[in-house]
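So that we are looking at the same thing, I have put the structure below in structure tokens.
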Amino acid sequence: MTTLEHDAGPLVSLADYGQAARARLPERARAYIDGGAGDETSLADNLAAWNRLALAPRVLTGAGTADTAVTVLGRRRPHPVIIAPTAFAALAHPDGETAIARGADATATTICLSTLASTPPAALAAAVPDVSRWCQLYVFRDRGVTRELIATAEAHGFEALVLTADRPVLGVRGRERRHDVRPAAASKGPGAAVNLRAPADFSAQIDAALTWDDVAKLASQTALPVVVKGILSAHDARLACAHGAAAVVVSNHGGRQLDTVLSGADALPAVVDAVAGEIEVLVDGGIRRGTDVVKALALGARAVMVGRPVLWGLAIDGAAGVQRVLELLLDELATALVLTGAGAVGALGPDTVLPAPWARS
Amino acid sequence: MTTLEHDAGPLVSLADYGQAARARLPERARAYIDGGAGDETSLADNLAAWNRLALAPRVLTGAGTADTAVTVLGRRRPHPVIIAPTAFAALAHPDGETAIARGADATATTICLSTLASTPPAALAAAVPDVSRWCQLYVFRDRGVTRELIATAEAHGFEALVLTADRPVLGVRGRERRHDVRPAAASKGPGAAVNLRAPADFSAQIDAALTWDDVAKLASQTALPVVVKGILSAHDARLACAHGAAAVVVSNHGGRQLDTVLSGADALPAVVDAVAGEIEVLVDGGIRRGTDVVKALALGARAVMVGRPVLWGLAIDGAAGVQRVLELLLDELATALVLTGAGAVGALGPDTVLPAPWARS
Amino acid sequence: MTTLEHDAGPLVSLADYGQAARARLPERARAYIDGGAGDETSLADNLAAWNRLALAPRVLTGAGTADTAVTVLGRRRPHPVIIAPTAFAALAHPDGETAIARGADATATTICLSTLASTPPAALAAAVPDVSRWCQLYVFRDRGVTRELIATAEAHGFEALVLTADRPVLGVRGRERRHDVRPAAASKGPGAAVNLRAPADFSAQIDAALTWDDVAKLASQTALPVVVKGILSAHDARLACAHGAAAVVVSNHGGRQLDTVLSGADALPAVVDAVAGEIEVLVDGGIRRGTDVVKALALGARAVMVGRPVLWGLAIDGAAGVQRVLELLLDELATALVLTGAGAVGALGPDTVLPAPWARS
Amino acid sequence: MTTLEHDAGPLVSLADYGQAARARLPERARAYIDGGAGDETSLADNLAAWNRLALAPRVLTGAGTADTAVTVLGRRRPHPVIIAPTAFAALAHPDGETAIARGADATATTICLSTLASTPPAALAAAVPDVSRWCQLYVFRDRGVTRELIATAEAHGFEALVLTADRPVLGVRGRERRHDVRPAAASKGPGAAVNLRAPADFSAQIDAALTWDDVAKLASQTALPVVVKGILSAHDARLACAHGAAAVVVSNHGGRQLDTVLSGADALPAVVDAVAGEIEVLVDGGIRRGTDVVKALALGARAVMVGRPVLWGLAIDGAAGVQRVLELLLDELATALVLTGAGAVGALGPDTVLPAPWARS
């Protein structure tokens, strides 16, 4: 599926797409997509944290080609990259989530549709029927809306429900405030039933006081696996195990919620240790290189989620841009698997990573 | 009292106010307000130190709203933010301390009036009678002046005396020397009785050789609680307990006295440990974000003092600017309390903070 | 051979040559010569890592002059600097490897000819018959080509075979991709037999799935010592011992293959420890100063390899530039040997180096 | 002797004098005075190292005024600052060492005359008879010259001989090489007897192979105390004790000899520990602030040497500039002694310093 050496245009890395997208996007869209909370310490650290880990390659292992296949939520997938739920994709490109799904489909990537998507779940399923898809879920004060969301997801081929746990209230996002970001179009996504037109509407309607018992109740109401996204501690990971979650996503919400928290990269090992294989662990935040993916897998993640780079690809070239961004990342992943000497994902382990000497200086 | 999401103008953070104030203030006022001692290592570190601490949030705790209330010196206060004593507020705005007090009053914030205030204590009390107020105290060579100060504070509703212990002599402040800063107006504040017209006058009149026995004597002369400000070691914190202090403020005087000393953030844990609950501990220096306040409280501080940001707000928009700066900080504090999963101040503890991985790199 | 104080032109350090070469070389050549993999973290760290080591000099030891002589692969050499194999030297200067060999010969430096050289081995041997020379070796899918390479090296006075183990596939090199680097001229070097015209040809023809058994087989097929280049772990160093290697080169391929791996400097001590004197250890990556060489030797390396600086010298002034770069490095080495108090290479030891205090801050 | 608050001109710190001197000095003089060895890592680290130490002040100790007096080599001195030997002062100002001595005399500072001074020792003694003075000493191949130097020093009121141990050969100084620095005037200083006209002459005439036995011999030939300058290890400090030295100066020669060695600040504690009070320990390198002096004394140094800042003062304003630079440093020292709570030098101790938290990040 991926080629190790190919003809690359002038955008040869995810960071290149980011730079190009920042040059093209209107200021407000840029503020919304690229901004973070507070002093954006965690936003920056999400990238830096992967770079504080070094890889420990072995040579002459006989691993001349890469096998990127993994199993996630019981399904065999050709690779471990999943598209994170990001709101209002139409800010980046008029084709929004449909274009993302097309790029995902072309690269056998799973997409997680945001509650604040510009595209309704049924429409997405109809437009790109073969894409592997998950559905993000917030629990609304009106529990009827939540039940409706679950039914919709189940009816349209979504394979998992992803409950975002780290956004009871909106983070202190300076760039959004400075540019008064208010997505003009109403959400037509899973949350459309509650008439969401702006983050403020959204904050007013979700249940900010959710507890782990709500997770257990949710899990009992659906046959779909429930993934809890936004975990940063072993303590919460154990609670996820105890309340029926099928998986957790170690995440700080792209650095957009509480600033100065751990990155996914730094929080991952303790969570992997805490769940002890009972449920699956995914991670997101700052994945920009194939080497980052290798590090996440080596530390025990089943898969990684990627958010902003997908929107950059979308902004640059619609579905083709999304596809290209994913291809670049998957090519890099394959190269890294060969160059670490692992070859297959299963051959990666804790010994593949070590603290980077340059990060201690 | 605070709202989590509101319409923010283009100045959306305390740092924004700082930048705007630096652009507006005359050079000498800027040198006096923003300058520090020596190479300004501690000045910069006061901010950096909070950022070397990471927050460890919990999710799905059911804490959907924030309760910022605390008890300080035996009084229940709606929040833990106190305005630090800063000299010559008239340098920033003609309304000086009166405007600060108005902004404080509007946000239920306690103000600590400087000995070198532009406004006499009685005038401040008359102008803003409802504001919660403390009085800074230096001990003068002429002990009669000191006794007069105490009587004035007691007579005009000041709730505490704050003895500044870390300014026996003036620090080596390059910016003040370079711009030959000499506040033109004579002090009309608590120190007016000694005819203070400039820092040099002040240095000549205060008792540079003060000892802990003077603290004990002072505490015996007043019914007001005595707070010792400028403590950076467990050793001195124990001495404060032994000599009748009601509280200490862990502080390096905003980086204006001895350079290359610890920040309040770094000195705080050992002081909290040393006093073992016997007296209260406050902290100042570099508080710019709600997350900084949460970290201070989690490490055991009862309250935090904020100095320069208040002067920035004052410089930009008088009392309204002060109010806005305090609202921003309190909004951020409320958001941080929800997003850490604590909800109430009492739910914060040492587990809420950990060394930041990005600060080890 | 070297003088401690001499008349230096305006290019007085290897870094000066680098800067001058970057100013002179066409963009594509520069991208190929100076570029690295991924975010070029390891590329930069190769230099930084030597700088994270401090030297611990002794004074008044009586060592007034330097003795740089060492023994490498059983041969006494006047100094421990070896020219690393670098592809397509003609990109830097039309005289290519012949000029490098002339500069090497003038300074009694051993050259390791690249498989992707612009000059055939026989031609090099004929042009500069006295230069001490090694031959880089890749194992091709067509093992007949490999056997032919070995025979050629043996027949033309090459003293060792250097098997590059860390390039089963090409690294993710952004600069090469961005500038679409494709050396125009076909390789005329040791790999010419397989008609290599570009990196893609090369990748298609080498055996990416090589194992340590192939090393053992290779060692059994030649009387020349086999050096395995590209080792970064004690584990692989032990395997090298067990499979007939005469030496290993601790190397990350100049930061051009897998990014975020250890530098040679950081990987060296564990490798030296692992081989326990059984075979020889060399190191490359980021050697730019005489003090770097001293550190490598003190940590147990027999010799160091230097790549890019030689190409910079070549780009600036052909053979004379190569000679000058090597003289600068050797002069610095001699000075460092005197100033550490060691005098001779043999007097260096682990006590000569310690972790640099500036690198912990 | 010093005042804590005074009218400072626009040059209010030693760094200010450095900046001003760099703007005024011809390029070659600047290269010679400010340059260092190699990549100038140690040159920069000399300053950074003091800043990696934090001060731990105590308040309310009753220390309202400073007592800077110390005992060095058995003599009571009003303060612990000594002028380091620096060659060719005439590069900075035509009055050279005489002006330095006048500035030293005005501030009761000891001057150490360089072997490569522009002024002969007898002339210096005649011009500024009251200045406290030491004489730097190199051991020449012609031991008669050395004996002559000792006799001259003894005859003209020099109180100590300072043997520089870390310059058997000249360091790799890029700035000097780049600007082809060759002081035009012949040395008229202690080394004039050997007709020194340039560093190359000097290197040719000194004995590069000196040993500790030469120190013992030297100590036996004079009644003056012999100070060994350029020690960076406990090992060499013990040897100094065993070979008759009266003191050592922990120093890396201002970062001008072997690059990437420890700074004086970092090497000091182990040396103090090693000599265990048997001989005195001084330190130099990077002293720019009164807080640096306090840290050196707290770590066990008897006194500190200051080099470049004195030349900056000299370049700006001759003897008056030297005096001003020393006054600034001494004022800062006095302020720091009060603000640490120590008051007197004797009250400083290891508890006064601790590793700086900002330097671990």
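We just call them A, B, C and D in the order they show up, numbering each chain from 1.
The rule we apply is simple: a residue touches a chain if its C-beta (ideal position, glycine included) is under 8 Å from a C-beta of that chain, and two chains touch if they have at least 3 such contacts.
Quick caveat, the model's predicted, so the values are computed rather than measured.
The minimal number of chain-to-chain contact steps leading from chain B to chain C is 2. When the CA atoms of chain A are superposed on chain D, the rotation angle comes to 180 degrees, reported as a multiple of 5. Both chain B and chain D derive from one sequence, and where they touch, under half of the residue numbers involved are common to the two copies. Among the other chains, the CA centroid farthest from that of chain B is the one of C. Centre to centre, using the average C-alpha position, chain A and chain D are separated by 59 Å. Spacing of chain A relative to chain B, judged by their CA centroids, is 42 angstrom.
Shown for chain B are the residues in touch with two or more other chains, namely 356, 360. Interchain contacts (touch definition given at top) occur between A-B, A-C, B-D, C-D. Considering their complex, residues 4-5, 7-8, 10, 12-13, 15-16, 51, 53-65, 289-291, 331-332, 335-336, 338-340, 354, 356-358, 360-361 of chain B touch chain A. Across the complex, chain B is touched by residues 38-39, 41, 44-45, 48-49, 52, 165-166, 168-172, 174, 177-178, 180, 199-200, 203, 207-212, 214-215, 228, 230-233, 235-236, 239, 257-263, 266, 356, 359-360 of chain A.
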